[in-house]
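Some structures are shown below for you to check.
In the two complexes below, chain A is the common chain; its partner is chain B in one and chain C in the other.
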Partner chain A sequence: MTIADEGSGKPARTRRQIYEDGLRKRSLMIAGTSTVAVVLAIVLLVPLAPGWAAVKKSFFNWDVFSATFPKLLDAFLIDVMIFAWCAPAIAVLGLLIALARDVRNPALYPLRIFSAAFTDVFRGVPVVLTVYLIGFGIPGLGLPRPWNSPYIWGSLALILTYSAYVAEIFRSGIESIHPSQRAAAESLGLSRRDTMWYVILPQAVRRVVPANMNMLIALQKDVALLSFIGPVEIFRQAGVFKSLYANFTPYVGAAVIFLAITIPATRYADYLMAKQRRDRS
Partner chain B sequence: MTRLIVAGALALMGTTAVAGGHLCYEGKTLTEGKLTIATGNPAYYPWVMDDAPESGKGFEAAVAYAVAEEMGLSAENVVWVRTSFDEAIQPGAKNFDINMQQYSITPERDQMVDFSEPYYAAPMAALAVGAVSETEATLDALKGLKWGAVGSTTGAQKLINTIQPSSDPLFYNDNNDVIAAMQAGQIDAALFDLPTALYLSAVVLDGGTILGQFPADRADTPDLFGMLMEEGNPLKECVDAAIMSLTESGELAAIEAEWLQDTTGVPLIQ
Partner chain C sequence: MKLSLRDVQKTFGSNHVCKGISLDVQEGELVCLIGASGSGKSTFLRCINLLEPIDDGAVYLDGQDIAVPGLDPEPVRRRIGMVFQSYNLFPHMTAVENAMLAPRRVRGVSRDAIRPEVSALFERFGLGDRMEHYPDQLSGGQQQRVAIIRALAMRPEVMLFDEITSALDPQLVGEVLDVLLALKADGMTMVLATHEMGFAREAADKVCFLADGRIVEEGPPDVLFTAPKQPETQAFLERALK
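Let's look at the complex of A and B:
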């Protein structure tokens, strides 16, 4: 075997490199061919199914799509709004619950019990149920307007449920910091609170950023659950159009809008996780 | 067991066929000799009494049996199944011949599924609770209320197109959720078809009042209830013929008077 690239100034490639390049090229070829084959099979075979025309008319109806999409976009603003005030509240409450779980003072033991019970209850109950119970139940006690708004109580339901999850994430972050850090901080004379605030939390929070990104993505979709108690956000708006046109295309339109947000967010979370793995190794 | 039923059905069909010559529905139903009718889960008063359509009690149950009889099917050959709205409009094979759950006929829906001739013209009515029960039955006075409706009904459309409330209306999954929101004071009033509104105000909602009804003929989309069928269902002509003949003979009006008699006497919204 001759060695390539002799006059080009680049370092000459070894036989091993050439062999590995060949392998790589071959696997790329195979991956490409199989992907194209699968895509072609889907594109060519699905329309051959006897019900394809009906499915296409019901789910991928361009007329219905173009008639409803602008209004769906408008309705999505309500989702964004609810998300915008829920996310910070969840971060704060989740952190507080996690800290309560870590309290070492015996006198504050009830606080630990409370935070454990909180996470157990709100992680255990389906979100929709919490939304119903809080969204209809608390205003039913006789609150005057505007304090009985479904936006307020529905958001609270989301905040409670999600902060239970986020609290567990923060707790795992706090527990993942080696005990020697705590010991070292205390031996330097830092108080318990300062140890937590200046030593443990900065490391713990950074460590759980990717996990919390996933919670953000999940929250962004679950905001649609508020439609159960009244707000006409994108999911409800799509449902109204579905009934009007007897056609599921508006749901596809809503899915497109959700994907436009969640796919970049998911990729970003992946990137953060990969970065973290690199930094640690 | 199935063979027995089929044999029995064939025997029955034999007798009716002899009596009436060739019958329109033959070979067009899901199960030969049976008419499979879908209703809601649960089915509500006064459309179906006690969620038991088999009893023939309630307006839609009574109409169903009358239509079946008109088509030449005896009561025991009527089979009931339950579907949601979404199941009724999904593409693909259906588990019913006809679906009756207060479907309003709209041109948009008609492109996706088939509707029979209308069996009822439903006026829309406004149900209110609490302090706003005294609101005048005029469009101007109604605009200022906080409105709700079931999102999948034509009531939601009417709310936006006709009443045009000054604050955003809230939409819900079903009647019970609307009632819960009214009880929680989150909405003042909601739009239903008149018989449903009457039932809710009389039985379910404490302190509920009917503000008024929209005259069915003045509506921009008159709310006519039709039986829903799969697009292109050959049974449509048989069902249509049966409903037409029931309308002409006055039997349909008699069923309506029997089950929905309270629907008159509610003030019209000006």
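Let's look at the complex of A and C:
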């Protein structure tokens, strides 16, 4: 509680508030000074490096940047498109695989083995390898158009890999729900399936939203791996420009575009994570 | 006999928790289970509605053995309601949705059809204005009453209560015990594990003292509380009533 106004018109502050404001001012000043010092050091020292002129010319060339940036943005739309159809597919497949691990019916036992093997295999292989193997391998079977499109098989590779990770995230969410919730649902006569669907899953899914946000951010970046098997998305487009201008600046442009998406998304995921920790404590 | 248990055995690994418990509960009777912590009260209750499969023995509901291995437990659980010490409300649903879930999914009644009946229960137990609240917006006593309503919405024939007031602040215990008295007046058949000796003494038709996985002594409360025969019971009551 604040102490009442003393007629001066200024709201009075408690001793504690005055003390904490002082602390805050002090740490702000220290943080500001040290940040400025570090930035200054970088700005002043890096140009002193012997190769700086060459690096500046080939990585931070403004003319190349402004000439290529709009085209890079266009190419980025392809990344966005691939992301847009992969993300929902991953959510659905990841959830199905997570649930398949819990089936009790002996007739469905193969499904359990399959889902366990699936997560082991696709988490164990580097994404780029999966993209290569599926992206070149399956069209190599001699499929007719449009079924030989690298868009289809490259996307499938991403979907399979990310589903494996997302399935594990869902499973950890499911296991984090206290057994007493299941007991309460079953004591009401709910079936195992209804218990999962109406009681466990809604809580589990909410709990793993931040973790899945981080997977989405990683996916957005890994879409660029499809460039290895054909689609001229942003990374590949940047490569084309690099050859054309004999300059690396287009890669920096591509990085800027990725950061414009991923930094806000990462911040948001962190915010959700922190909020959840607060809510649960 | 509404509910009969015969020689119920339950082990967890090498831990023999129920060492042959037999109990008869008549229609409309309130039976209280008392006993030290770890004596097996919760486990015994969970065996009655098959939340824990029993190793041996039999559970008769209306004369029918419901604990036959391999029998589907779901139809039986619909007929036996259970309320837990820690409420266990579903935190992502409002109070009224908590109460309507099982009737909708298990009995196949629509929201609109079940709502008047559920509302009436909320009104009756003083929660008419709390129906749209989420569990974390309710006090412990209110949450526990919602949990009771949720079980009652399935129109159970028997209710099991596992120390439902142990997690409550003392001033909230009364409002929950009042619900039990109201149900008793309705003629509900109830089994209650409790540390509330005063309540057991006043309201129970029969009190069973459990120790080490067995019913050591049972009888009407005025006999068991005033003239216990077994030395174990005497020792426990001496400590509990102090």
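In this section, the second predicted complex is superposed on the first by the 258 of 281 C-alpha atoms of A that agree within 3 Å, B and C clash if a C-alpha of one lies under 4 Å from a C-alpha of the other, contacts with A are read in each partner's own complex, and residues count from 1 in each chain.
We adopt the following convention: a contact is a pair of C-beta atoms (placed from the backbone, for glycine too) under 8 Å apart; a residue touches a chain by one contact, two chains touch by 3 or more.
What you see is a predicted model, and the numbers here were worked out from it, not measured in a lab.
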Superposed partners chain B and chain C on chain A - clash or fit: fit
Which superposed partner A:Ser180 touches (first chain B, second chain C, both, neither): second
Residue contacts on chain A - larger count, chain B or chain C: B
Which superposed partner A:Ile152 touches (first chain B, second chain C, both, neither): neither
C-alpha centroid angle, chain C to chain B via chain A, nearest 10°: 150
Touching partner for A:Leu111 - first (chain B), second (chain C), both, neither: neither
Touching partner for A:Ala89 - first (chain B), second (chain C), both, neither: neither
Which of chain B and chain C A:Gly239 touches, first, second, both or neither: first
Contacts of A:Ile261 with chain B and chain C, given as first, second, both or neither: neither
Partner chain in contact with A:Pro139 - chain B first, chain C second, else both or neither: first
Lowest C-alpha to C-alpha distance for chain C against chain B (Å): 49
For the chain B and chain A complex, residues of the former touching the latter: 85-86, 89-92, 106, 108-109, 111-113, 146, 148, 151-153, 156-157, 168-173, 177, 180-181, 183-187, 231
Contact set on chain C toward chain A in their complex: 46, 49, 51, 73-75, 77-78, 80-82, 84, 86, 88-92, 101-102, 105-106, 147, 150-151, 154
Sites on chain A touched by chain B in the complex: 51, 54-55, 57-59, 136, 139-140, 142-145, 148-150, 227-232, 236, 239-240, 242-248
Residue ranges of chain A in contact with chain C within the complex: 180-181, 183-191, 194, 198-199, 202-203, 206
